[in-house]
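Naming follows writing order (A, B and C), and every chain is counted from residue 1.
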Amino acid sequence: MSQLPLRGWSRLLARRDIGILLLIAVTTAVVGFMDSRFISLDVWLGIFIRSAPTMIVACGVMAVILTGEIDISAGSLMALLAAVMGLLISQSKAALSLWIGIPAVLALGTAIGTGTGLLVSYGRVPSLVATLGLMTALRGLTTIVMGGKNIDGLPPALQDAAKRGWFGVPVSVWVASLVVLMTSLLFYRMPLGRRIYAAGSSPASARAAGLHIQRIQVFTFAWAGFLTAVATLVDVPRLPWIESGIGSDLELLVITCVVVGGVSISGGRGDLSSVLAAVVLMTMIRPVLTFLDVGEMGEKWTRAIQGVFILLAVIADQISIRFLWRKSAKVRR
Amino acid sequence: MEAGSHSNRPLIEIRGICKSYTGVVALSDVSLSLMPGEVHALCGENGAGKSTLIKLLAGTVRPDSGSISCLNESLSHEVLLSGSVKAAEDAGIAVMHQESTAFPDLNAVDNIYVGRELTVGYGLLLNRSEMRRRTHELLHRLGEHFSIDRPLRELSLAQRQMVALARALSLKCRLLIMDEPTASLSMRETQRLMLLVRQLRSDGICVLYVSHRLEEVFELSDRITVLRDGRLVSTRPTTEVTRTSLIHEMVGRDLETLHGVSKSESITAGADSHTGLAAGRATGTAIELTGLTRIGVFEDISLSVRAGEIVGLSGLVGAGRSEIARAIFGIDPCDFGSISISGKTLNRWTTGDMINAGVAFVPEDRQHEGLVLQMSVADNILMTNYKHVTRTGFISARAAHQLVDDQVKRFQIRAASSGLMVEFLSGGNQQKVVLGKWLAGRPRVLILDEPTRGVDVGAKHQIHELIEQLAGEGLAVLLISSELPELLRLSHRLIVIREGRIAGEFASGNVSQEEILAISLPDAGRSAESRQ
Amino acid sequence: MTPAPDSDQSPVNRARFDQQSADQQQNSDSGPFRKSIFHDSGFRWWHEVAVFVLLVLVLMVAQELVPGFLNPRSQLLLSRHVWEMALISLGMMLIIITAGIDLSVGSTMGLCAVAFGVSFEMTSSILLSCLFCVLTGFGCGALNGALISRWRLHPLIVTLATYAAYRGIAEGWSQGHSWSGFGASFSQLSRGRLLGIPYPGLTFFALTVIAAIVLWKTPAGKHLSAMGYNEKAARFSGIRVDLNRFLLFCISGTLSGLAAVFYVARFDTAKADAGEGFELDAITAVVAGGTSIFGGRGNVIGTILGLLLIHETRQFVGRYWGIEELKSIFVGGLLISFVLIYQFLRPSGQRV
């Protein structure tokens, strides 16, 4: 009776996360074969440290995309939050302001996310336009806030946590794990998460089921803003100083990961595990290029590879959807 | 009768309810009471007002006048329903929709429980095991054993239907409305569903059963209500109704009075069209379809329309009539088959090919497919006719004005100016704009999909006259309509589509509405098969 | 064709629609059509008038606060900055009219600039380099268009991907290298004037006139509008939606290539970072000029006014406060507020 086109092993292989993990494994094996230093704890810890902020932000942006909207302001938001954090807690009275500064940054991120959400849901501004405008505006604001100077002298405690962390693992990795745990709890174990999927899958049906789509949208944008703030707090102190260019192209990287992770841009479909795997895959590109000894020259291609990955991911989606559709149409009668 | 064992007070009382859309009456003065523990069948042709009644009960539409009230939980007094989805749900009214309102990306559990999830820990966490257990239970009760982890898009239509039913059941409803529940079910699944309905009845739940399959209606129901043209014809115990009397009541349409009118009209119209037909015979076949197939939608459709002939395409909603029309016009692709127009045979074609070959198509959904609502009357009419008003590639304002004015006059489109947005016209005038848009190009073949739906009586009459006039001028017309009297009045030949196939062909003079309806019903073919 | 279940088909939507049409009926008791402040008079230029008034206001304030702001010579001198963006806006306008979007224009410029540099290094012929540069733009646009129309992919996601890919290819290809020294005659291309207007400006005006004629005087213009308002109805009317969309992206890409030529000529430098951020400015100008981001409505006059508004606001902000970054805040804010205002002003039937 069932017309699922794939069964057993082929179904397992068709899963996006398994596919990406296989790709990671194959790449690792090939690069490791050419240079055995690639398969070492240090390299992989490095990859995880670099992927931590992307993972945190991706958890938020994924929620937005699941509702069928898009958020391309994450990078600029991170820059602004970094600047604000720097201003609040890098000056001399650090001990006190650390406890005010951190909540303030989190609150600011959440507030800006909520504002965007309100614009999109109740203001009916298309999310692309709203976040495109925000992207530039925030970038400009950041430079003004920083007054054209780089900020340094963050409290040592924060820098220590970001660089060395606990048990030799920087705090960003711990926090990323926590965020991933929370997000998977939200998506798969909480009513709200299921409603996010429902709202993206079919807004009309969601309305019929009595869901408040607008409130759900505001929440997802606020969640994205909050997580961007979290990522800022744990990742930016790693840097020697805060400059206005922080987070440039982060939004693109995050959307790439989400799309490559198989989240449908029209909403409702996508797994957290695939997105996380995609984050690792995307973060791997640069170290792999380094190890392949293409040097400076190869690293310049990172962005091009990212773009090609997005294209391949969407085209693959389209092909598989058509395939499924034809199959199900044939069996319907 | 089992209904008696529960209570003598009706569960739902509908009093004098009226509803009209853009001047077209969908329901007028319908009163109905539904008893607990009864299966109440609702019958009627397409457009009789069944779906409007369901929407009113479900609270998605508000009545213009009249009221719906419901007994409260303890059955002590009546509560007036305020006409919102929430109120209906609270009153225990659940709807299992025909086109299921489901989430294709979510699995069965989520589809059943989204919006009112079972939770633990102060409502924060989902009670997944309990939800899964209950889903299993519900589906088991429905006799289904598919994996509940698969997203709905991977399930068959029948399985999706079962999920929709499970959602309705999980609501702990007191009135369950089933709108064509067996439309996509196989024989075995249908049997199981019917068993379940009986079980629900014995639990004291009222089931409002809407179906075109009369066999099921007779097998299941305690009472039958017939709607026709938005009016209540009768509510009677099933034992007092026979298949013939039911079909007669569904079709009825004041056979005496209306017949008289159409007779006198058809004399003049008939004379016109017969001369047209004679002229048509001379020019031969205008369009011929050979073995047109779209897998899963329709199969092996072969028919031809001569110039000057009106061929009616009849069938129930969802039988595949509109899909055939769309495929002919190149909107949807075909898997097999060919079309020949005036002797030229095409195996693959696009919409542009069809327009160039002289085919025009007035689609079913004029607001979304026929017109660009935000553009003016003139722009809409010109949309398909720019080749007639361009001079060396540029639009000649004079020629364009001329063409638009001609069409506005010809079809008596009532608009303040031709620069007015189509959105602000009435339904009838909008339809005239669509006709003007297509007929200005002097096509040879005209496909009309529900040309008079949502159109007021006056405009309807004008459109009918126009169709006959056009056929008289030698146009080949393929007319799709859900209104049998309209088809019988206008068309020379009638082709009945049932479940994507041609079920029969009649010359319209020697066939009655009853015969056509009987052959359109999905169980007609099945009972014929079983007799063989 | 579309695999996703059609949301229009759901009973709920129908029901809501019914409600709406019922409301419409109540309003239309007085006549065959509903009254509306926007369409009663048939005057459809409110948006352009509003932008014009705003522009005049900005200019007046600027003249008041920055002495000599309106001086024609300084205006012309500063206009150098606007022409490349103007060319790109023209293509962007056509795409947005059909309810699409092209985020890759800036990156296309970057790639084209690198293509220019590379071909100049190889051939040292300005003419060939220009040709190659424009051809690269065409190729970029054609790839976008092919992906979008052949696979029916979302323009947003495709051009977001090529936004990264084109810039990435430009970076990878040039390896941070920049080319310069193309000669004085070439830089004359951006500085030289005819009748006081720089050559890029002349090119822009010529193309604008062509676009205006196409939009107003040929069927194509109406076809584009129809596609933007209601793609389904456009298909039902036999408009070749996919082909048109493909051609539009080709045009947009070619214009980016052309803009890259002028950009390279202006700075006498071909580098991978050419045109960075241009996509946002172009979209803002087009949207501020009254082209609906939802498609359908849009015209050349509005786009020119929108361009001027953005340009003058930027100049004013830059010269009065002297802070470069304030400009981007203004541009971003303008974009959001224009869409927000448009959403609340347009007649209810058009809301998405």
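The rule is short, and it goes like this: contacts are C-beta pairs under 8 Å (C-beta built on N, C-alpha and C of every residue); 3 or more make two chains touch, one makes a residue touch a chain.
Since the structure is predicted, the reported quantities are computational estimates derived from the model, not experimental observations.
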Chain located farthest away, centre of subunit A as origin (C-alpha): B
Pair joined by the larger number of C-beta contacts - A-B, B-C: B-C
Distance from the mean Cα position of subunit C to that of subunit A, given in whole angstrom: 29
Mean-CA-position distance for subunit C and subunit B (Å): 43
Subunit A residues counted as touching two or more neighbouring chains: 202, 204-205, 208, 324
Touching two or more other chains - residues of subunit B: 60, 101, 104
Overlap residues in subunit C, where contacts from two or more other chains coincide: 4-5, 10-12
Subunit A - residues contacting subunit B, complex: 1-4, 185, 189-191, 194-195, 197-198, 200-202, 204-206, 208-211, 264, 268-269, 324, 328-333
Residues of subunit B touching subunit C in the complex: 20-23, 51, 55, 60-62, 97-99, 101, 104, 329, 331-333, 350-352, 354-355, 361, 363, 365, 367-375, 379, 382-384, 386-387, 390, 393-395, 414-417, 419-421, 423-427, 429, 437
Contacting residues of subunit B [partner subunit A, same complex]: 60, 85-86, 89, 101-106, 110, 113-117, 119, 123-126, 128, 146, 150-151, 153-159, 295-297, 299, 500
Touching residues (chain side subunit C, partner subunit B) in the complex: 1, 4-5, 8-12, 15-19, 21-22, 24-25, 28, 31-34, 36, 39, 42, 213, 217-219, 222, 225-226, 229-230, 232-240, 296-297, 347, 349-350
Touch list for subunit C against partner subunit A, complex: 3-5, 7, 10-13, 101, 147, 151-154, 156-158, 160-169, 171-172, 174-176, 277, 280, 283-284, 287, 293-294, 323-329, 331-336, 339-340, 343, 351-352
